[in-house]
(Lines give C-alpha, C1' and ligand atoms only; values in the text may rest on other atoms or scores of the structure.)
Protein backbone atom coordinates (compact mmCIF):
# COMPACT_ATOMS: atom_id res chain seq x y z
CA UNK A 1 0.00 0.00 0.00
CA UNK A 2 2.38 2.65 -1.20
CA UNK A 3 2.03 6.15 0.15
CA UNK A 4 3.83 8.80 -1.88
CA UNK A 5 4.53 12.37 -0.79
CA UNK A 6 5.64 14.84 -3.46
CA UNK A 7 7.08 18.10 -2.19
CA UNK A 8 7.02 20.78 -4.89
CA UNK A 9 6.88 24.55 -4.98
CA UNK A 10 3.48 26.24 -5.10
CA UNK A 11 2.20 27.38 -8.44
CA UNK A 12 1.05 24.25 -10.21
CA UNK A 13 -2.41 24.08 -11.74
CA UNK A 14 -5.02 21.48 -10.87
CA UNK A 15 -4.48 20.02 -14.33
CA UNK A 16 -0.80 19.52 -13.61
CA UNK A 17 -1.60 17.92 -10.26
CA UNK A 18 -4.16 15.63 -11.89
CA UNK A 19 -1.63 14.53 -14.49
CA UNK A 20 1.08 14.11 -11.87
CA UNK A 21 -1.09 11.97 -9.57
CA UNK A 22 -2.18 9.76 -12.45
CA UNK A 23 1.35 9.34 -13.84
CA UNK A 24 2.93 8.58 -10.46
CA UNK A 25 0.26 5.99 -9.69
CA UNK A 26 0.82 4.34 -13.07
CA UNK A 27 4.55 4.28 -12.39
CA UNK A 28 4.07 2.51 -9.06
CA UNK A 29 1.71 -0.02 -10.62
CA UNK A 30 4.10 -0.83 -13.44
CA UNK A 31 7.28 -1.02 -11.34
CA UNK A 32 5.99 -2.62 -8.12
CA UNK A 33 3.02 -4.62 -9.33
CA UNK A 34 0.71 -2.94 -6.84
CA UNK A 35 -2.91 -2.07 -7.61
CA UNK A 36 -3.89 1.52 -8.40
CA UNK A 37 -6.48 1.68 -5.61
CA UNK A 38 -3.77 0.88 -3.06
CA UNK A 39 -1.72 3.92 -4.02
CA UNK A 40 -2.11 7.25 -2.23
CA UNK A 41 -0.40 10.38 -3.53
CA UNK A 42 0.02 13.48 -1.38
CA UNK A 43 1.17 16.67 -3.08
CA UNK A 44 2.76 18.84 -0.41
CA UNK A 45 3.36 22.35 -1.72
CA UNK A 46 5.87 24.72 -0.20
CA UNK A 47 6.39 28.46 -0.45
CA UNK A 48 9.70 29.41 -2.02
CA UNK A 49 10.64 31.37 1.09
CA UNK A 50 10.39 28.09 3.03
CA UNK A 51 12.87 26.09 0.98
CA UNK A 52 16.63 26.52 0.84
CA UNK A 53 19.48 24.78 -0.93
CA UNK A 54 23.04 25.73 -0.07
CA UNK A 55 21.75 27.93 2.74
CA UNK A 56 19.93 30.29 0.38
CA UNK A 57 16.15 30.63 0.29
CA UNK A 58 14.63 29.64 -3.03
CA UNK A 59 12.78 32.97 -3.12
CA UNK A 60 16.12 34.81 -3.03
CA UNK A 61 17.53 33.05 -6.08
CA UNK A 62 17.47 35.02 -9.33
CA UNK A 63 15.06 33.80 -11.99
CA UNK A 64 13.43 31.16 -9.81
CA UNK A 65 9.87 32.17 -10.47
CA UNK A 66 8.92 29.87 -13.32
CA UNK A 67 7.37 26.46 -13.35
CA UNK A 68 10.58 24.91 -14.60
CA UNK A 69 12.19 25.60 -11.27
CA UNK A 70 9.97 23.39 -9.20
CA UNK B 1 7.98 11.08 23.69
CA UNK B 2 5.46 10.21 21.02
CA UNK B 3 5.01 12.58 18.12
CA UNK B 4 1.84 12.06 16.13
CA UNK B 5 1.06 13.54 12.72
CA UNK B 6 -2.53 13.38 11.52
CA UNK B 7 -3.08 14.13 7.85
CA UNK B 8 -6.70 15.03 7.16
CA UNK B 9 -8.56 17.09 4.57
CA UNK B 10 -9.16 20.76 5.29
CA UNK B 11 -12.53 21.76 6.64
CA UNK B 12 -12.52 20.73 10.28
CA UNK B 13 -13.48 23.21 12.97
CA UNK B 14 -11.26 24.20 15.87
CA UNK B 15 -13.68 22.31 18.13
CA UNK B 16 -13.11 19.11 16.15
CA UNK B 17 -9.35 19.63 16.27
CA UNK B 18 -9.49 20.24 20.02
CA UNK B 19 -11.47 17.06 20.55
CA UNK B 20 -9.19 15.11 18.21
CA UNK B 21 -5.98 16.26 19.92
CA UNK B 22 -7.38 15.43 23.36
CA UNK B 23 -8.69 12.03 22.31
CA UNK B 24 -5.50 10.99 20.51
CA UNK B 25 -3.39 12.01 23.49
CA UNK B 26 -5.63 10.01 25.83
CA UNK B 27 -5.31 7.02 23.52
CA UNK B 28 -1.52 7.17 23.60
CA UNK B 29 -1.49 7.50 27.38
CA UNK B 30 -3.79 4.52 27.87
CA UNK B 31 -2.12 2.21 25.33
CA UNK B 32 1.57 3.10 25.78
CA UNK B 33 1.69 4.26 29.37
CA UNK B 34 3.28 7.56 28.37
CA UNK B 35 2.51 10.87 30.08
CA UNK B 36 0.20 13.39 28.40
CA UNK B 37 2.79 16.17 28.50
CA UNK B 38 5.18 14.01 26.48
CA UNK B 39 2.73 13.70 23.60
CA UNK B 40 2.78 16.11 20.66
CA UNK B 41 0.00 16.08 18.06
CA UNK B 42 0.40 17.76 14.68
CA UNK B 43 -2.70 18.12 12.51
CA UNK B 44 -1.49 18.44 8.93
CA UNK B 45 -4.36 19.51 6.68
CA UNK B 46 -4.37 18.97 2.93
CA UNK B 47 -6.41 20.44 0.10
CA UNK B 48 -8.50 17.85 -1.72
CA UNK B 49 -6.76 18.73 -4.99
CA UNK B 50 -3.48 17.62 -3.36
CA UNK B 51 -4.56 14.12 -2.39
CA UNK B 52 -5.21 11.19 -4.71
CA UNK B 53 -6.18 7.56 -4.27
CA UNK B 54 -6.19 5.28 -7.29
CA UNK B 55 -4.65 8.03 -9.38
CA UNK B 56 -7.67 10.32 -9.01
CA UNK B 57 -7.58 13.62 -7.15
CA UNK B 58 -9.89 13.69 -4.16
CA UNK B 59 -11.40 16.94 -5.47
CA UNK B 60 -12.46 15.13 -8.66
CA UNK B 61 -14.43 12.44 -6.86
CA UNK B 62 -18.20 12.91 -6.80
CA UNK B 63 -19.75 13.74 -3.43
CA UNK B 64 -16.42 14.15 -1.63
CA UNK B 65 -17.21 17.53 -0.14
CA UNK B 66 -18.54 16.57 3.28
CA UNK B 67 -16.75 16.08 6.55
CA UNK B 68 -17.42 12.36 6.46
CA UNK B 69 -15.00 12.02 3.59
CA UNK B 70 -11.93 13.10 5.48
CA UNK C 1 -8.86 9.45 4.34
CA UNK C 2 -6.81 10.15 7.43
CA UNK C 3 -3.19 9.08 7.46
CA UNK C 4 -1.61 8.94 10.91
CA UNK C 5 2.10 8.67 11.65
CA UNK C 6 3.11 7.77 15.20
CA UNK C 7 6.75 8.29 16.06
CA UNK C 8 7.75 6.31 19.14
CA UNK C 9 10.93 4.79 20.50
CA UNK C 10 11.79 1.23 19.56
CA UNK C 11 10.96 -1.48 22.03
CA UNK C 12 7.22 -1.99 21.76
CA UNK C 13 5.79 -5.46 21.25
CA UNK C 14 3.55 -6.45 18.37
CA UNK C 15 0.70 -6.69 20.87
CA UNK C 16 1.21 -3.08 21.88
CA UNK C 17 1.32 -2.00 18.25
CA UNK C 18 -1.83 -3.98 17.50
CA UNK C 19 -3.65 -2.33 20.42
CA UNK C 20 -2.30 1.10 19.46
CA UNK C 21 -3.37 0.83 15.82
CA UNK C 22 -6.84 -0.35 16.80
CA UNK C 23 -7.33 2.35 19.45
CA UNK C 24 -6.08 5.20 17.24
CA UNK C 25 -8.37 4.10 14.42
CA UNK C 26 -11.35 3.97 16.79
CA UNK C 27 -10.47 7.45 18.03
CA UNK C 28 -10.45 8.85 14.49
CA UNK C 29 -13.76 7.18 13.69
CA UNK C 30 -15.46 8.52 16.80
CA UNK C 31 -14.11 12.07 16.59
CA UNK C 32 -14.12 12.68 12.82
CA UNK C 33 -16.91 10.41 11.64
CA UNK C 34 -14.61 8.71 9.14
CA UNK C 35 -14.82 5.00 8.31
CA UNK C 36 -12.25 2.58 9.77
CA UNK C 37 -11.18 1.29 6.35
CA UNK C 38 -10.21 4.83 5.34
CA UNK C 39 -7.73 5.16 8.18
CA UNK C 40 -4.06 4.27 7.75
CA UNK C 41 -1.72 4.14 10.75
CA UNK C 42 2.06 4.16 10.34
CA UNK C 43 4.17 3.40 13.40
CA UNK C 44 7.56 4.96 12.82
CA UNK C 45 10.05 3.74 15.41
CA UNK C 46 13.24 5.58 16.25
CA UNK C 47 16.41 4.57 18.05
CA UNK C 48 16.98 6.56 21.25
CA UNK C 49 20.34 7.76 19.92
CA UNK C 50 18.41 9.42 17.05
CA UNK C 51 16.09 11.54 19.18
CA UNK C 52 16.98 14.57 21.27
CA UNK C 53 15.08 17.02 23.43
CA UNK C 54 16.88 20.04 24.81
CA UNK C 55 19.93 19.17 22.73
CA UNK C 56 20.52 15.89 24.58
CA UNK C 57 20.18 12.48 22.94
CA UNK C 58 17.48 10.35 24.50
CA UNK C 59 20.01 7.52 24.89
CA UNK C 60 22.16 9.78 27.07
CA UNK C 61 19.40 10.53 29.57
CA UNK C 62 19.54 8.58 32.83
CA UNK C 63 16.82 6.00 33.37
CA UNK C 64 15.36 6.32 29.87
CA UNK C 65 15.40 2.68 29.05
CA UNK C 66 11.90 1.61 30.02
CA UNK C 67 8.72 1.48 28.00
CA UNK C 68 7.24 4.33 30.03
CA UNK C 69 9.67 6.71 28.45
CA UNK C 70 8.44 6.37 24.91
CA UNK D 1 13.30 20.89 -6.66
CA UNK D 2 10.90 18.07 -6.09
CA UNK D 3 11.48 15.80 -3.14
CA UNK D 4 9.57 12.54 -3.28
CA UNK D 5 9.08 10.11 -0.40
CA UNK D 6 7.79 6.64 -1.22
CA UNK D 7 6.58 4.57 1.70
CA UNK D 8 6.44 0.88 0.84
CA UNK D 9 6.68 -2.39 2.73
CA UNK D 10 10.09 -3.99 3.18
CA UNK D 11 11.05 -6.75 0.84
CA UNK D 12 11.94 -5.06 -2.44
CA UNK D 13 15.21 -5.81 -4.15
CA UNK D 14 17.81 -3.22 -5.05
CA UNK D 15 16.89 -3.80 -8.69
CA UNK D 16 13.28 -2.87 -7.99
CA UNK D 17 14.38 0.22 -6.08
CA UNK D 18 16.70 1.23 -8.91
CA UNK D 19 13.89 0.85 -11.44
CA UNK D 20 11.45 2.68 -9.18
CA UNK D 21 13.77 5.64 -8.57
CA UNK D 22 14.49 5.96 -12.29
CA UNK D 23 10.83 5.69 -13.32
CA UNK D 24 9.58 8.17 -10.71
CA UNK D 25 12.25 10.68 -11.70
CA UNK D 26 11.30 10.33 -15.37
CA UNK D 27 7.64 10.85 -14.43
CA UNK D 28 8.42 14.08 -12.62
CA UNK D 29 10.53 15.34 -15.49
CA UNK D 30 7.84 14.62 -18.08
CA UNK D 31 4.90 15.98 -16.08
CA UNK D 32 6.46 19.00 -14.33
CA UNK D 33 9.22 19.96 -16.70
CA UNK D 34 11.83 19.78 -13.98
CA UNK D 35 15.38 18.54 -14.53
CA UNK D 36 16.37 15.04 -13.38
CA UNK D 37 19.23 16.30 -11.24
CA UNK D 38 16.77 18.40 -9.21
CA UNK D 39 14.72 15.39 -8.22
CA UNK D 40 15.39 13.50 -4.99
CA UNK D 41 13.66 10.19 -4.26
CA UNK D 42 13.55 8.71 -0.77
CA UNK D 43 12.32 5.14 -0.40
CA UNK D 44 11.07 4.76 3.15
CA UNK D 45 10.44 1.11 3.95
CA UNK D 46 8.17 -0.04 6.75
CA UNK D 47 7.76 -3.35 8.56
CA UNK D 48 4.31 -4.88 8.09
CA UNK D 49 3.76 -4.87 11.85
CA UNK D 50 4.12 -1.06 11.72
CA UNK D 51 1.37 -0.38 9.18
CA UNK D 52 -2.36 -0.72 9.67
CA UNK D 53 -5.43 -0.08 7.55
CA UNK D 54 -8.86 -0.35 9.15
CA UNK D 55 -7.24 -0.77 12.55
CA UNK D 56 -5.59 -4.06 11.59
CA UNK D 57 -1.83 -4.51 11.33
CA UNK D 58 -0.67 -5.46 7.86
CA UNK D 59 1.24 -8.40 9.36
CA UNK D 60 -2.03 -9.80 10.74
CA UNK D 61 -3.80 -9.88 7.39
CA UNK D 62 -3.99 -13.27 5.68
CA UNK D 63 -1.96 -13.69 2.51
CA UNK D 64 -0.17 -10.36 2.82
CA UNK D 65 3.32 -11.70 2.51
CA UNK D 66 3.96 -11.30 -1.21
CA UNK D 67 5.47 -8.44 -3.14
CA UNK D 68 2.16 -7.70 -4.79
CA UNK D 69 0.74 -6.48 -1.51
CA UNK D 70 3.06 -3.54 -1.08
CA UNK E 1 22.85 14.91 1.07
CA UNK E 2 21.13 16.00 4.24
CA UNK E 3 17.51 17.03 4.06
CA UNK E 4 16.28 19.00 7.05
CA UNK E 5 12.66 19.74 7.90
CA UNK E 6 11.99 22.41 10.53
CA UNK E 7 8.46 22.52 11.89
CA UNK E 8 7.72 25.85 13.55
CA UNK E 9 4.64 27.95 14.21
CA UNK E 10 3.60 30.50 11.63
CA UNK E 11 4.59 34.08 12.18
CA UNK E 12 8.27 34.26 11.32
CA UNK E 13 9.54 36.89 8.91
CA UNK E 14 11.45 36.15 5.73
CA UNK E 15 14.52 37.61 7.42
CA UNK E 16 14.23 35.08 10.24
CA UNK E 17 13.78 32.25 7.76
CA UNK E 18 16.80 33.43 5.77
CA UNK E 19 18.93 33.54 8.90
CA UNK E 20 17.60 30.16 10.05
CA UNK E 21 18.30 28.44 6.71
CA UNK E 22 21.81 29.85 6.59
CA UNK E 23 22.62 28.96 10.19
CA UNK E 24 21.25 25.40 9.95
CA UNK E 25 23.22 24.79 6.77
CA UNK E 26 26.40 26.06 8.40
CA UNK E 27 25.75 23.78 11.37
CA UNK E 28 25.43 20.73 9.12
CA UNK E 29 28.58 21.63 7.23
CA UNK E 30 30.63 22.09 10.40
CA UNK E 31 29.36 18.99 12.23
CA UNK E 32 29.01 16.48 9.37
CA UNK E 33 31.61 17.70 6.90
CA UNK E 34 29.03 17.90 4.13
CA UNK E 35 29.04 20.60 1.44
CA UNK E 36 26.56 23.50 1.67
CA UNK E 37 25.12 22.81 -1.79
CA UNK E 38 24.15 19.31 -0.68
CA UNK E 39 21.99 20.61 2.15
CA UNK E 40 18.27 21.24 1.68
CA UNK E 41 16.23 22.99 4.36
CA UNK E 42 12.44 22.87 4.42
CA UNK E 43 10.63 25.20 6.82
CA UNK E 44 7.23 23.66 7.48
CA UNK E 45 5.00 26.15 9.27
CA UNK E 46 1.95 25.11 11.28
CA UNK E 47 -1.06 27.00 12.59
CA UNK E 48 -1.26 27.03 16.38
CA UNK E 49 -4.68 25.40 16.24
CA UNK E 50 -2.99 22.43 14.50
CA UNK E 51 -0.41 21.68 17.18
CA UNK E 52 -1.00 20.24 20.63
CA UNK E 53 1.17 19.25 23.56
CA UNK E 54 -0.41 17.47 26.51
CA UNK E 55 -3.67 17.21 24.59
CA UNK E 56 -4.16 20.98 24.49
CA UNK E 57 -4.08 22.99 21.27
CA UNK E 58 -1.31 25.54 21.17
CA UNK E 59 -3.87 28.22 20.27
CA UNK E 60 -5.72 27.53 23.54
CA UNK E 61 -2.69 28.12 25.73
CA UNK E 62 -2.53 31.51 27.47
CA UNK E 63 0.14 33.89 26.27
CA UNK E 64 1.27 31.73 23.36
CA UNK E 65 1.04 34.37 20.70
CA UNK E 66 4.57 35.71 20.66
CA UNK E 67 7.53 34.75 18.57
CA UNK E 68 9.29 33.34 21.60
CA UNK E 69 6.78 30.52 21.75
CA UNK E 70 7.70 28.90 18.50
CA UNK F 1 8.05 24.21 19.88
CA UNK F 2 10.30 23.46 16.94
CA UNK F 3 10.52 19.91 15.72
CA UNK F 4 13.46 19.22 13.44
CA UNK F 5 13.93 16.14 11.27
CA UNK F 6 17.39 15.53 9.80
CA UNK F 7 17.58 12.95 7.06
CA UNK F 8 21.14 11.69 6.57
CA UNK F 9 22.77 8.54 5.30
CA UNK F 10 23.56 5.78 7.78
CA UNK F 11 27.05 5.54 9.10
CA UNK F 12 27.39 8.34 11.63
CA UNK F 13 28.69 7.63 15.12
CA UNK F 14 26.81 8.40 18.31
CA UNK F 15 29.37 11.12 18.97
CA UNK F 16 28.52 12.79 15.67
CA UNK F 17 24.81 12.55 16.42
CA UNK F 18 25.34 13.99 19.90
CA UNK F 19 27.29 16.91 18.47
CA UNK F 20 24.72 17.41 15.70
CA UNK F 21 21.73 17.43 18.07
CA UNK F 22 23.44 19.89 20.38
CA UNK F 23 24.55 22.21 17.57
CA UNK F 24 21.16 22.24 15.82
CA UNK F 25 19.39 23.00 19.08
CA UNK F 26 21.79 25.87 19.79
CA UNK F 27 21.16 27.20 16.28
CA UNK F 28 17.39 27.22 16.81
CA UNK F 29 17.76 28.94 20.18
CA UNK F 30 20.01 31.66 18.79
CA UNK F 31 18.04 32.35 15.61
CA UNK F 32 14.43 31.94 16.82
CA UNK F 33 14.71 32.82 20.48
CA UNK F 34 13.12 29.54 21.54
CA UNK F 35 14.16 27.63 24.65
CA UNK F 36 16.36 24.52 24.31
CA UNK F 37 13.86 22.28 26.13
CA UNK F 38 11.23 23.11 23.52
CA UNK F 39 13.37 21.79 20.68
CA UNK F 40 13.10 18.19 19.50
CA UNK F 41 15.59 16.76 16.99
CA UNK F 42 14.91 13.56 15.09
CA UNK F 43 17.78 12.03 13.12
CA UNK F 44 16.24 9.89 10.41
CA UNK F 45 18.90 7.71 8.77
CA UNK F 46 18.48 6.19 5.35
CA UNK F 47 20.27 3.38 3.52
CA UNK F 48 22.09 4.55 0.40
CA UNK F 49 20.06 2.15 -1.72
CA UNK F 50 16.95 4.04 -0.59
CA UNK F 51 18.01 7.51 -1.75
CA UNK F 52 18.34 8.76 -5.31
CA UNK F 53 19.25 12.03 -6.97
CA UNK F 54 18.87 12.37 -10.71
CA UNK F 55 17.21 8.96 -10.84
CA UNK F 56 20.32 7.13 -9.65
CA UNK F 57 20.52 5.33 -6.33
CA UNK F 58 23.12 6.76 -3.99
CA UNK F 59 24.57 3.27 -3.55
CA UNK F 60 25.25 3.10 -7.29
CA UNK F 61 27.33 6.27 -7.40
CA UNK F 62 31.09 5.79 -7.48
CA UNK F 63 33.02 6.80 -4.39
CA UNK F 64 29.94 7.50 -2.28
CA UNK F 65 30.93 5.43 0.68
CA UNK F 66 32.57 8.01 2.88
CA UNK F 67 31.16 10.19 5.61
CA UNK F 68 31.67 13.30 3.51
CA UNK F 69 28.93 12.17 1.17
CA UNK F 70 26.08 12.34 3.63
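Order of writing sets the chain letters: A, B, C, D, E and F. Residues in each chain are counted from 1.
We take it that contacts are C-beta pairs under 8 Å (C-beta built on N, C-alpha and C of every residue); 3 or more make two chains touch, one makes a residue touch a chain.
It should be emphasised that the depicted structure is a prediction, and the values quoted were computed from it without experimental measurement.
A.B. asks: Return the chain whose centre of C-alpha atoms lies at maximal distance from the corresponding centre of subunit A.
C.D. replies: C
A.B. asks: Using the touch rule from the top, work out which pair, B-E or A-C, shares more C-beta pairs.
C.D. replies: The comparison resolves to B-E.
A.B. asks: When subunit A meets its copy subunit B, do both sides use mostly the same residue numbers (more than half shared) or mostly different ones?
C.D. replies: Mostly different residues: under half of the interface numbers shared.
A.B. asks: Hey, how far is the Cα centre of subunit D from the one of subunit F, in Å?
C.D. replies: Taking the mean C-alpha position of each chain, the two centres sit 21 Å apart.
A.B. asks: Quick check: how many Å separate the C-alpha centres of subunit D and subunit E?
C.D. replies: That pair's centroid distance is 27 Å.
A.B. asks: Could you tell me the distance, in whole angstrom, between the mean C-alpha positions of subunit A and subunit F?
C.D. replies: 22
A.B. asks: Which subunit D residues touch at least two other chains?
C.D. replies: In subunit D, residues 1, 3, 7, 24, 40, 42, 51, 53 touch at least two other chains, as defined above.
A.B. asks: Thinking of each chain as a vertex joined to the chains it touches, would you call that graph a line, ring, star, complete, or other?
C.D. replies: Shape = other; not a path, cycle, star or full graph.
A.B. asks: Going by the touch definition at the top, which pairs of chains touch each other?
C.D. replies: A-B, A-C, A-D, A-E, B-C, B-E, B-F, C-D, C-F, D-E, D-F, E-F
A.B. asks: Give every residue of subunit E touching subunit F within the complex, in rising order.
C.D. replies: Subunit E residues touching subunit F: 1-9, 12, 16, 19-20, 23-24, 27-28, 30-34, 38, 51, 53, 58, 67-70.
A.B. asks: Spell out the part of subunit A that touches subunit B in their complex, as residue ranges.
C.D. replies: Counting only subunit A, the residues touching subunit B are 14, 17-18, 21-22, 24-26, 36-37, 39-45.
A.B. asks: Over in the complex, which subunit A residues touch subunit E? Could you list them?
C.D. replies: So the residues of subunit A in touch with subunit E come to 7, 46, 49-57, 59-60.
A.B. asks: Along subunit D, where are the residues that touch subunit E in the complex?
C.D. replies: So the residues of subunit D touching subunit E come out as 1, 3, 40, 42.
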